[in-house]
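Both complexes shown next keep subunit A, but they swap its partner, so subunit B is in the first and subunit C is in the second.
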Partner chain A sequence: MFRKNILIVAPLLFTIIVQAQDKYFTKNAKIDFFSSAPLEDIEGKNKTASAVLDIKTGSLHFSVLMQGFEFDKALMQEHFNENYLESDKFPKAEFKGSIINNVDINYQKAGTYNAKVKGTMTLHGVTKDLETTATIKVNDDNLKAESIFNLLLSDYNIKRPAVVKDKISNTIKVTIDAKLDPLKN
Partner chain B sequence: MKPKLLLFAFLLILLNPSFAQNEDTLNTIIENKPLNEKVNAPFKSTRVIMSHSIQMVKPGVLDFLILHRFGNVNRGLYEFFGLDQATFRLAFDYGITKDLTIGIGRSSYKKELDGFLKYRIIQQETGQNALPISMVVVGGITLNTLRFADPARKNYFSSRLGYYAQVLAGRKFSEAFSLQLMPTIVHQNLVTNSKDPNDLFAAGIGGRIKLSKRISLNADYYYVINKNEQLENFHNPLSIGFDIETGGHVFQLHFTNAIGMNERVFLTETINDWADGDIQFGFNISRAFQIKKKRN
Partner chain C sequence: MKRIIFLIVLVLITCAAWYVHKEYNRKNKNLAEVEADTKISAAALLGAFENDSGSANKQYLGKILAVDGTIKNIEKEDTDATVILGDEGNMSSIRCSMDTAYVWKLATYKEGASITITGACTGFNKDDLLGSDVILNRCVIN
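For the complex of A and B:
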């Protein structure tokens, strides 16, 4: 009888331990965006994005607070939050998705792997499908994930007023640079 | 024995992270962040209209202000509804830190120079146990540079000076609505008549309602408590106008009965009355220049 119970409990205990090592996370992922425009370049930098990667399933989740984006020009930062992203209404942007070729990545072996990422991006209250490529660098004790992709302001209902329409590009280049550490419970 | 073990197994299932979604893990990580965020941009400009607002100049930013008032609109076509007369104040405000601003200005009215320091003691926050309001103190000094009316008598430099101090206590109630209270004291070293008070106390209120992302309706009003009895037709200054923001500029267009463009003047010399149509059209233009780049 006792042995039977052990059979139930032991695997559960085991999954707790294993589970803890399956996930990698960071609270300091870097997300930059850049927009080139005739009048002035617009560049925002955020060093406090959160990310979790489950290496077993390839499931990937990014979250970033819009207020955390920093600009060279203080006024630009205020307008970014007040007029364009409406950060009080939509405080964060999120990506939920997975690495679709997760089986190709050997997380046990150091090296650089190409990843195909697919999921949904939520920005300014609008959710859109997003597909991009990333590189995953497997190091001894951490992972490094990098990706560059473009977003269109019009896709996310971010309006450019008529007077600045020619001065602000609709295309925004987003650069992701995240170093993920094993998640310890 | 057996029920206990089953309970233990059940607890393990509950606690097992494989049953929790990735999402939850991430949310827990995010929740750990301090949730108190500063509330920014209660006003588009550092002026409500006449008065200082709880909005500060950003650090490293030089704000060049052109404040313009025309004559009374009820003077008719001959004076082109006041546009033939104009007074202005040119000013520079500089954000030393995010909470400290220094400013200088010169008004054509009475050839008055003025300077001020503005310090934000607390800034409104969101989150648990957050500060519900912003509180800013302003201290200013004014210097009249008109030639002395009577050069024959002994004139003192100190007679040219006036001072003002105020507390701005305000709150951004919503994205669209901000309101501030402004208890103010003005001291003049020299007043026109012996019975005029040297110290004036005023209670002010100012606010804005956003009509769109870039346009807001603003108003400010001062009730002068011990108003100058000698100046029989003194009226409390009331200003109503619009803020229009276009990137680096803020345009403020307004109507006011206030005379002058610093606290010393408009709290002591406003003889225009809204009821008589003695109002002036005016505008403020604010242009922000980023002098010092943010450190990364």
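For the complex of A and C:
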């Protein structure tokens, strides 16, 4: 009887383990943004973003708390949260999408692969389509995902005060650096 | 009389310029040197966000919190470290991203130890798959 039960349960357990290893995650992804300005460059760094990648489907999800961006100058950080991103009203930014050439990435073989990523970005309460490229580095026990892309502040209804409009660029460069570990439930 | 007015205006302009310069170059506070806005347990803080994140955001977002809890895990990568406070059986936690200048203080702490950590609350990241977290930044050990 016991042996019979084992025979039934074992494949189920195996399926659960395999499913869990389809997903890789991090809660320490680094997201930086950089904006070049004549007066002074503006740079914010966040190292507490979450990300999940399903290597079976290519589904990709990033989320980041806006208050977690740190700046060299406190005043810049306060303006970022209070005047531009309104972080109390819109505390989180999210990307939901997938790697559209996921079949080209061999997650079983160590190496560096180019990924095409497509999805939607929600920032400042505005959701927009986003298409970019990324690099996926497959290591023995983790994955490293890196991407650099530009966002336009005007696309996300982020207003630059008229006084400094010419001094702050409408384009911000976003850099993603995430080390993803297998999700074991 | 004109000379006195000129001197007063000059002093005022100098003070204003000094204030603007000081304010413009102001750095974020070292949290080891400030009094926390609120002292709270890890369980109570997590419960507040899980019950009503909107209300908890109003109460805690951007505030300096001193949080008591049990260390579930310590994650280290290069010079960064994150202390995770909470119960082993609960996927949700308080994630304390350490001020890199204070990472060395973690050397004497292990999983299961009680600790009080002070950090700036950056909000609540709700996630049904990974577990939801309250995140604290620039954390120091009291």
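The rule is simple: the second predicted complex is superposed on the first by the 171 of 185 C-alpha atoms of A that agree within 3 Å, B and C clash if a C-alpha of one lies under 4 Å from a C-alpha of the other, contacts with A are read in each partner's own complex, and residues count from 1 in each chain.
Just so it is clear, contacts are C-beta pairs under 8 Å (C-beta built on N, C-alpha and C of every residue); 3 or more make two chains touch, one makes a residue touch a chain.
Treat the numbers as computed from the prediction; the structure is a model and nothing was measured.
Peer 1: Do subunit B and subunit C fit side by side on subunit A in the superposed arrangement, or is it a clash?
Peer 2: Clash - subunit B and subunit C, as placed by superposing on subunit A, overlap.
Peer 1: Using the touch definition from the top, say if A:D72 reaches subunit B (first), subunit C (second), both or neither.
Peer 2: both
Peer 1: In the overlaid three-chain picture, which partner chain does A:K27 touch, first (subunit B) or second (subunit C), both, or neither?
Peer 2: A:K27 contacts both subunit B and subunit C.
Peer 1: So in the superposed three-chain picture, is A:K179 touching just subunit B, just subunit C, both, or none of them (first/second/both/neither)?
Peer 2: In the superposed model, A:K179 contacts subunit C only, not subunit B.
Peer 1: May I ask you to decide whether A:S63 touches subunit B, subunit C, both, or neither, giving the answer as first, second, both or neither?
Peer 2: Both partners, subunit B and subunit C.
Peer 1: Look at A:K96 in the shared chain and tell me whether it touches subunit B only, subunit C only, both, or neither; answer first, second, both or neither.
Peer 2: Touch status of A:K96: first partner only.
Peer 1: Can A:D88 be said to touch subunit B (first), subunit C (second), both, or neither?
Peer 2: Touch partners of A:D88: subunit B and subunit C.
Peer 1: Does the superposition put A:Q108 against subunit B (first), subunit C (second), both, or neither?
Peer 2: A:Q108: touches no partner chain.
Peer 1: Scan A:V52 for contacts with subunit B and subunit C and give back first, second, both or neither.
Peer 2: Both: A:V52 reaches subunit B and subunit C.
Peer 1: Could you figure out whether subunit B or subunit C reaches more residues of subunit A?
Peer 2: B
Peer 1: What part of subunit A is shared between its subunit B contacts and its subunit C contacts?
Peer 2: 23, 25, 27, 48, 50, 52, 63, 65, 67, 70-75, 81, 88, 183
Peer 1: If you look only at subunit C, which of its residues touch subunit A in the complex?
Peer 2: 23-29, 57-58, 61-62, 75, 77, 80, 82, 95, 97, 120-125, 127, 129-130, 133, 135, 137-138
Peer 1: Over in the complex, which subunit A residues touch subunit C? Could you list them?
Peer 2: 23, 25, 27-28, 47-48, 50, 52, 63, 65-68, 70-75, 77, 81, 87-88, 91-92, 179, 183
Peer 1: Which subunit A residues qualify as touching subunit B in the complex?
Peer 2: For subunit A paired with subunit B, touching residues are 1-2, 5, 8-9, 12-13, 15-16, 19-20, 23, 25, 27, 45, 48, 50-52, 54, 59, 61, 63, 65, 67, 70-75, 78-79, 81-83, 86, 88-89, 96, 161, 163-164, 183, 185.
Peer 1: Which bits of subunit B are touching subunit A when the two form their complex?
Peer 2: Its residues touching subunit A are 1-2, 5-6, 8-9, 12-13, 15-18, 22-23, 25-26, 29-30, 32-33, 37, 40-41, 58-61, 95, 175, 213-214, 245-248, 288, 290, 293-294, 296.
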